[in-house]
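Lettered A, B, C and D in written order, each chain numbered from 1.
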Amino acid sequence: MDARVDQKAVLVARSQLSPRCFALDLVCPRPLPAQPGQFVMVGVSATSDPLLRRPFSVAGVMPTENGAQFQLLVKEVGKVTAMLRHLPLGSEVGVLGPLGRGFSLDSCGPHPVLVAGGIGLPPVLFAARQLQKQGVSFDLFYGAASEPELLLRSEIQKVVSGDAVFCTDDGSFGESVFVTDLLRKRWKSRYSHLLACGPNPMLHAVARLAREKGVAAELSLEEPMACGVGVCLGCVVKLADGTYAPSCQKGPVFRASELAEGW
Amino acid sequence: MVRLATEVGSLQLKNPILAASGTFGYGLDLLDFCPPEALGAVVTKGLSPKPRAGNPTPRIVETPAGMINSIGLQNIGVEAFCTDVLPTLRQRKACVVVNVFGETEEEYATVIERLQREEGIAAYELNVSCPNVHKGGMEFGHDPKLLRSLVAALRPLTQRPLWVKLSPNAPSPLAVAEAAVTAGADALTLVNTFRALSVNARTRRPSIATGFGGLSGPAIKPLALRLVWEVHRAIPQAPLVGIGGIMSGTDAVEFLLAGASAVQVGTATFRNPNACLTVLAELEAFCQQEGVEDVRELVGGLVWP
Amino acid sequence: MVRLATEVGSLQLKNPILAASGTFGYGLDLLDFCPPEALGAVVTKGLSPKPRAGNPTPRIVETPAGMINSIGLQNIGVEAFCTDVLPTLRQRKACVVVNVFGETEEEYATVIERLQREEGIAAYELNVSCPNVHKGGMEFGHDPKLLRSLVAALRPLTQRPLWVKLSPNAPSPLAVAEAAVTAGADALTLVNTFRALSVNARTRRPSIATGFGGLSGPAIKPLALRLVWEVHRAIPQAPLVGIGGIMSGTDAVEFLLAGASAVQVGTATFRNPNACLTVLAELEAFCQQEGVEDVRELVGGLVWP
Amino acid sequence: MDARVDQKAVLVARSQLSPRCFALDLVCPRPLPAQPGQFVMVGVSATSDPLLRRPFSVAGVMPTENGAQFQLLVKEVGKVTAMLRHLPLGSEVGVLGPLGRGFSLDSCGPHPVLVAGGIGLPPVLFAARQLQKQGVSFDLFYGAASEPELLLRSEIQKVVSGDAVFCTDDGSFGESVFVTDLLRKRWKSRYSHLLACGPNPMLHAVARLAREKGVAAELSLEEPMACGVGVCLGCVVKLADGTYAPSCQKGPVFRASELAEGW
């Protein structure tokens, strides 16, 4: 909690990855000790519209002399993501983080499997990068609507020590199948843990599969957020005990077993 | 040197900037950005006798220069507050205003009676204006008679200042304000959020689960400021705490000029976790620039045409 | 092909996008950006029996995502409108809704009687909700009884549709809406501007000369949308014209879903002189994308939780 | 009226002229046949805050092949002017214009005198540039709060065929005097017409002086504007006949004699 800071980051590079997705490289003057699954709140506006910051998972981070360089993968869906797409290089954005609770990579056993759906890739990619560094072997399943939306394929290939399996809803790359169905088909008994991020229906399927297989699953959820720091209670997720927990603070990564049925 | 200390009725505050209820947790969540003891006061999230789960999700949506929320008063309950939170606030010497919520008169009383057993509470703020709960809250805040009876019933329970937080959705906010003051309220907080609707054009559903929610943020500032001034003109002797869309020191000055003795910063904290301190610093800078030696000079200083 | 034609009560409109009163002159000022005949209708600036000078300056100020105005119904008077403007509107085959304002029942009647002698007027919109004039307007719009008597008195004067433009500042907008419908209004326009205040911190004066003014623009969209839905739920048979902060086609869709049969674009025109046409094009594109073949399918289609 | 268009202009150059004032050069794809005293409504925002465009007098314009290049002189006083100051080169801004009624340079006689106060300079400078082109001889008086706020002095010297007289409130350049007092002191009987732009108190003094001297004065007024095209009636000015006229349409340049006492 004390590691979080609010600072200005400078946009140093942007690359378009698909018609609607792009990668941003940002440099900030102070450290950003983010763990895979943690996120930052990004503010792009000096005026009151847009009013609130937006949450983005950190996709990777490298310490610099005093600060850090980090990456975000962004899909353009509305106001702020459109602004991020057009922001000139050299611009400053407000970055508050790292925030929340990430994946517990230290307790994910000998051969975890990672699952990403659509723009759920960033935290999964960061986890993959980290596991590679830690020398843990793992597989990665990644599904998207269609081929162009399968981002950073060659980079993913390089990072994944085990199998990297791609699929698309429309079959334009890999099998034409939902990623969770593919995972079920290709399930290996040595999978020790499941880490996932993606749209809610996918995460529900992941949770079901993990339960069936008796493997713990960690899910990175995306709820609309106002503050990102636990004070607005806008981003809550229903837990198994019936209470609502702020996903910005207790999540965004939850163990599937913590969550209420259908959460 | 600008003198920032002020008072709301009999309550002395070290400065006129307060953190608003529901936007600052219980006062301890943002220690790294905004320690509660640096502020005039912190107003806690609304507390009810028992913990409340709150409303289903989605609970929030952004609108132009504003946001709609329907949290539904999720809170840890008064007991947990007294045990787990208050001791630390006390130790930090924070000025604590507890926002109190009940579905019935009895529930309000229960919360206050429990809090009366604790030291280190500066005032109570009765939330009779939450647009996001079915029972309680709004009912009291919309009906002068009900409100008068509520305040009159709670008044004997405590010597501590009783603030009443008014609803801008009341048919007559003025009548409600008068009722509260007549029944013994020490100050009025204006305003809570405005009943509002956001629609998702594609799903054809409201953007938040409960349908209606409460609008806050800069969008409502001109409406909140209007209400503060109207109430100040009508009941000049009533101490007011102004709130609604305050993002900057100048915004705070505008509310003081309109008759508020102190102001609360709400939604701004979501945008910047240290917003309260920024507003405070800007207020001080404004006073310096404009030669205002005592911030209380500003209160009610609006020159009406 | 999307069918855009719609109706407000018995009045057929070629599309549901109207230019709002007070934001489009008398219909002929923006021919180079937005010819009136391209719209569902143009609503004129409020007309009174005699020309009105309007309020002193400054009259406008920007606020977060909104603006406050206090024009005070400056207008050329009904006679000049009939002589100098209406012939051209008629020749262009524009659908013209005349916004009518009076300080007394008689003044409203005078304007309508004069207009009855003219061809080419599609409907009257009674402005009983202007927050910026001392007499008339607001009074009628706030008091169900007064409004009922006003509408009942005007009803026999014309066969043309009578729309009543409601004030969001009324103690009970619902009661006022019901009164208007009961007394014979053909449709309700919701909403006019919200009473608001902007303060200049340095001069310690209101930003506009009259003190209070009316807030419009995107800031009020969630409040206007809420009122439209509330009135639609309460009086589902009443045709509604939605207005308040519409800037885009999606905004228009939201008002249609909330129960409006057509919408008006106001402040947006100040930002872009062709805003009405942009909203119309975006509305059509939205329908195409979402497979809406007839824009009337949207009306009241909000799925309430 | 038909000449006005709404188009996107590209910011091609910016130069800081004083701590708070800067010049913008913009290029637009369609013609902008502005006359001195006319203005444009500039929109810098894709979101609803800032909501409205802002009026700026054209300080000069040159036709390009199909469009135009034009100049604005801007003083940073608030939201939009701050955004204009920080807008990256190459950015697009919305420009609606030319709007309003400018100076009547064709009927200003053999030797007009031009008066500018503070950021009232732009329309006056444009008028000066035009008069120079037309070969009309004229004097120019220009006052500002202090030396740094006297913008573009050497350029003004070059443009003015007759005397260019500068003064400052604090005496940091030229005489320490209000520009209207200086004009009165140095008044020449051959002055045939007076053109002025500046703060209202200055314009009131100009109007008094012109009346005393029996010379027609044209004043460029600055009223807050919402639409700039005559439909909101927000920008009105009180005329001698007691009516209010939209200054965006009937002005911003008015003959002093048209205006109500103290307007």
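We take it that a contact is a pair of C-beta atoms (placed from the backbone, for glycine too) under 8 Å apart; a residue touches a chain by one contact, two chains touch by 3 or more.
Only a predicted model underlies this, so the values are computations on that prediction, with no experimental measurement involved.
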{"item": "If a chain touches chain A and chain B alike, it appears here", "value": "C, D"}
{"item": "Approximate Å spacing (C-alpha centroids) for the pair chain B, chain C", "value": "34"}
{"item": "Centre distance in Å when chain A and chain C are each reduced to the mean of their C-alpha atoms", "value": "46"}
{"item": "Centroid spacing, where centroids are CA-atom means, of chain A and chain D in whole angstrom", "value": "53"}
{"item": "Residue numbers of chain C (touch at least two other chains)", "value": "64-66, 217-219"}
{"item": "Chain A residues counted as touching two or more neighbouring chains", "value": "47-50"}
{"item": "Graph class of chain-chain contacts, one of line, ring, star, complete, other", "value": "complete"}
{"item": "Contacting residues of chain B [partner chain C, same complex]", "value": "63-66, 68, 171-172, 194-199, 201-206, 209-212, 215, 217-223, 225-226, 229, 245, 250, 253-254, 257-258, 286, 290, 301-305"}
{"item": "Chain D-facing residues of chain A, complex", "value": "45-50, 79, 82-83, 88, 90-91"}
{"item": "Chain C residues touching chain D - in the complex, by the definition given at the top", "value": "22-25, 29-30, 32-33, 45, 53-54, 57-62, 64-67, 69, 71, 74, 217-219, 247, 267, 269-274"}
{"item": "Residue ranges of chain C in contact with chain A within the complex", "value": "64-65, 218"}
{"item": "Touching residues on chain D, where the partner in the complex is chain B", "value": "47-49"}
